[in-house]
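The structure follows.
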Amino acid sequence: MTNEDIKQYISGIVPDTVYDETGEWLNANIPPQSWKQLAQALRNSPFSFDYLFCLTCVDWKTHLTMVYHLSSTANRQLTVVVKAKLDRNNPEIDTVSDIWRTAEFHEREVFEMFGVQFKGHPDLRKLILPDDFEGYPMRKDFEDPVNMIRL
Amino acid sequence: MFSLESITNAVQDWLNANFSPMWALIIQCAIVILLAMGLFATLGLVLVLMERKVAAHMQIRLGPNRVGPKGMFQTAADTLKLIMKEGLTPEGADKLLFNLAPFVVMIVSMLLLAPLAFSNGFQLWDLNIGVLFISAVSSVSVIGILMAGWASNNKYSLLGAMRSGAQIVSYELSAGLSIISIVVLAGSLQISDIINSQQDGWWIFKGHIPAIISFVIFIIAVTAETNRAPFDLAEAESELTAGFHTEYSGMKFALFFLAEYINIFIACAIGATLFLGGWMPLHIGHWQAFNHVMDYIPGVVWFFGKTFFLIFVIMWFRWTFPRLRIDQLLNLEWKYLLPISLFNLLLVTLIAIMGWHF
Amino acid sequence: MYSETQILKEASAGDIDGGELVINVGPQHPATHGVLHLVITLQGETIKKIEPHLGYIHRSIEKMCESLSYRQFIYVTSRMDYLSAHINNHACALCVEKGLQVEVPPRAKVIRVLMDELTRIASHELWLGAMAMDLGAFTPFFYAFREREAINEIMEETCGARLTMNYMVPGGVMFDLHPNFQKKVKAFITQFKKKVVEFDDLVTNNIIFQNRMKGIGVLSKEDAISYGCTGPVARASGVHCDIRKIYPYEIYDQLEFDEITESAGDSFARYMVRVREMHQSAKIIEQLIDNIPEGDYQAKTKAVLKLPKGEFYSRVETARGELGVYIVSEGGTTPYRIKFRSPGFSNLSALDHIARGGKIGDLMATMGTLDLVIPDIDR
Amino acid sequence: MAFIKQYISEVFGAVRSLWKGMRTTGRYFVRPKEIITQQYPDNRDTLVLPERFRGEVVMPHDENNEHACTGCTACELACPNGTIKIITKFDITPEGKKKKALDTFIYHLELCTMCNLCIEACPTDAIKMAKNFEHSVYDRSKLTKRLNKPGSKIREGIE
């Protein structure tokens, strides 16, 4: 099963996917609305992407990008990176914590650090930061005049 | 045979000769109280230091070695620190019970001192139901622990106290049964009678294997009753932080601490009295010469030697074993210790009736 | 939404209505080994629910790294999982090397692997002692620390520091090995093999210990994958996830060692995986210690490193599991975004699932065998 | 009967495993030679630290009160924590040219993590790590140190 197969499979579900193969792995840029559908399909696909080993978000100043690294425990060489571009002012994406349980904590972390709203998350509260914390510290424009040390 | 009885008799005679009988009694009481307090204080200091040194050597450490030669005054310094500390009472606590609890625990362990025979004739109160008295009074200490845990208004304390309650109530049984097996053999509840019955050999040797089994069960049961590791569920440092005495500080904490060590001492002293002959020197049947040589060692040395050996064994347990879980603790009692000790009691009774013991 | 302050208020009010008791384990608690805060709902002694509250040691290392150069950011990662500091540095160095396309000299590769395995033994030794202490046995802690001390001394001699060594630089290692290194490591391995038997007598075969561990905190294979558990935690459930085997880095593909897996998935299986892993690490060290190739210990790199534009991901097997380093570069001297996929974070997320229904005592056994290092979770 | 047999063998197995544990601790109890405690403040004289031990950044001066620092600020740039601050001045060389030289080398020990990156970065080996590890002082300001001694100057021939 090569990257071409995966591409074909993903395109079958989300037709307007843009691929990027310059990096180590196949990157699939999808619209955020179709993420849940694709995630469900990838998990149950013949590739069986059952292992979400990295879930993070990147702030590109103009928009946010959710990055999901998926792999399969049956075939470890199979890896796909799914990226979803989010609106920076109102970032919203469907949760995948019901598909991969590990996403529950990782999504909570992304929620408090980047302010991404995960629709359908069972327990979307702050995990690391105190409850009354304002702002999203991992965003590039975050300024904390008290605690941040400028070198 | 060297005995402390002559000293006590001399004191009593002198007091009776010089004072009216009532005053003599009062002065005697005062002396006894002073001696008891002195013993408690020294025991506390010595046992804590011993525990720390034993632990250190088992853990390839040196232990306290800064205060005084070989760290001898370490515990004294610690006591001083504890006295200086503020005894806090938490806000939501039941003030009366919270402050009363350490004293209840302490008083119970003091009461247990009464029937102990330190040497030939050197005994506070040789009452004819000595063993029964010990069993009865020692179970009162759980009330102090429950009080402390409940009054602290702390959930850790409450959990610790509840555990302690379940634990002590269960282990009373097998401790009692193993004591009874010696009572059956000796045919008396009186401490002095039990000691005298071991004149030609200690019960642990005379009573064959059943006596050894009941000795082992007794040691396990008293370890549990004194809340020592591996049965220290009431404290359970890594689970309940400090269990029932989480909220105690300063001298109130020190009283709990002291009571723990006094309880160990008393439990081991009872074990030494019942199974190892108390102050009775090592006698073997009819070897008159050997027995005579042994008699030169004073009874008080024998008594403390045996007691401290048992204390060492209990410390050895503590620094070797992991802690049991609460349900395993109760399983151990109800599924193993109690059936075994009941069966054992049957054997001991058989031995006693048939006169098979030496 | 149920806020944290609300829970704290309820937890301290002593409200035991309905038979449920909410207690705070941590942030200062003897068994959490650091500042982990768990809010536990109890029914009697039985655990109904566990809710972790993190962040007491959160330093936002990811954000810090965004302002540090590629040489500088490596040292910060020692402060994540401080027990396998060297392996963390390794992951970062690998990622930077991947971006720079630098070939690491063979001697440096061997040194890195040797140090990794020594660190792994040291980390597992500490875990062994600390876990025994969670269960109430104090003495194994000191025996474990004695072995660990020997490793720390070896590290100190070669790397110059004991815990946060910062021995790794992009392209190799910072110094050459100390002349005494081989002799000391051999002495340590001999000593280690002799003394590790003591733990069998004192801990592994102890009946109380086995009863406390067996059948406690069972994590099934499916759950282990779903929760993203890695390292000994997942391997105890039968997941083949040793990065050294499935994505070999450095020279792990040329070495002979077994991937330890167990099938039970309970605390005892996790315990056994770690104990057996120590032996495998010792085996790797024995294979390498006499075969360290001569040559450079550091590849020539530029003074100022610049990664090309792109994304780089590298992963290593730390003592706790899979550590992933994800660097997004914009072509500058500092990373644009860096993400550490820490093993502890994912392992912790499974705690609620596996500890439910157990007693408080079981929680300590479960938490102990998850081998949580709080700075690794918080980052 | 099999039940009783199993029960008894369970009890004996348990007792044996416990005895093995007690034997281990007991063995250490009677062998004080195995004690590993180091009596730290007392053994200061015999304490040997490895030569690579990283305790504190120092600037070695030779007998003429000369150091090797050119004031190039490579260490300042390499430091991840802003531990080092270098103040430079302009010396007039005998040829009458202006030359950048070190004025003050400020080292904040309280910020230093002993990562060795400054030593690696230094082109003239002017600074090195010392083995001193007893850093406690009563006043935090004492941790900010000036590494070049007063009146010191750069050694001849170092560019």
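As written, the chain order gives the labels A, B, C and D, with residue 1 at the start of each chain.
The definition used in the following text is that contacts are C-beta pairs under 8 Å (C-beta built on N, C-alpha and C of every residue); 3 or more make two chains touch, one makes a residue touch a chain.
Just so you know, these numbers come straight off a predicted model, no measurement behind them.
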_I need the common contact partners of subunit B and subunit D, sorted by label._
C
*Which chain pair shares more contacting C-beta pairs: C-D, or B-C?*
B-C
*asked:* Centre to centre, using CA atoms, which chain is the farthest one from subunit C?
replied: B
*Provide the C-alpha centroid distance between subunit A and subunit B, rounded to the nearest whole angstrom.*
63
*What whole-number Å value describes the gap between the mean CA coordinates of subunit A and subunit C?*
25
*Would you kindly tell me how far, in whole Å, the mean C-alpha position of subunit C lies from that of subunit B?*
45
_Residue numbers of subunit B (touch at least two other chains)_ = 58-61, 319-321
*Using the touch rule from the top of the page, what residues of subunit A touch 2 or more other chains?*
151
*asked:* Residues touching two or more other chains, restricted to subunit C: which are they?
replied: 139, 146, 202-203, 206, 208
*What part of subunit C is in contact with subunit B in the complex they form?*
14, 16, 21, 23, 29-31, 45, 132-139, 141-143, 146, 202-203, 206, 208-209, 211-212, 359-364
*Quick one: which bits of subunit A touch subunit C in the complex? Just the residue numbers, please.*
22-25, 27, 50-54, 56, 58-59, 67, 69, 73, 76, 100-102, 104-106, 109, 125-131, 137-138, 151
*Residues of subunit C touching subunit A in their complex?*
1-5, 52-55, 58, 60, 62-63, 67, 98, 223, 225-228, 230, 239-241, 246-247, 310-313, 315, 322, 324, 326, 328, 336-337, 339, 341, 345-346, 348-350, 353, 378
_For a test of understanding, state which residues of subunit B touch subunit C in their complex under the given definition._
55, 58-61, 92, 153, 155-156, 159, 163, 229-230, 232, 236-241, 319-328
_Sites on subunit B touched by subunit D in the complex_ = 54, 57-62, 65, 316-317, 319-321, 336, 340
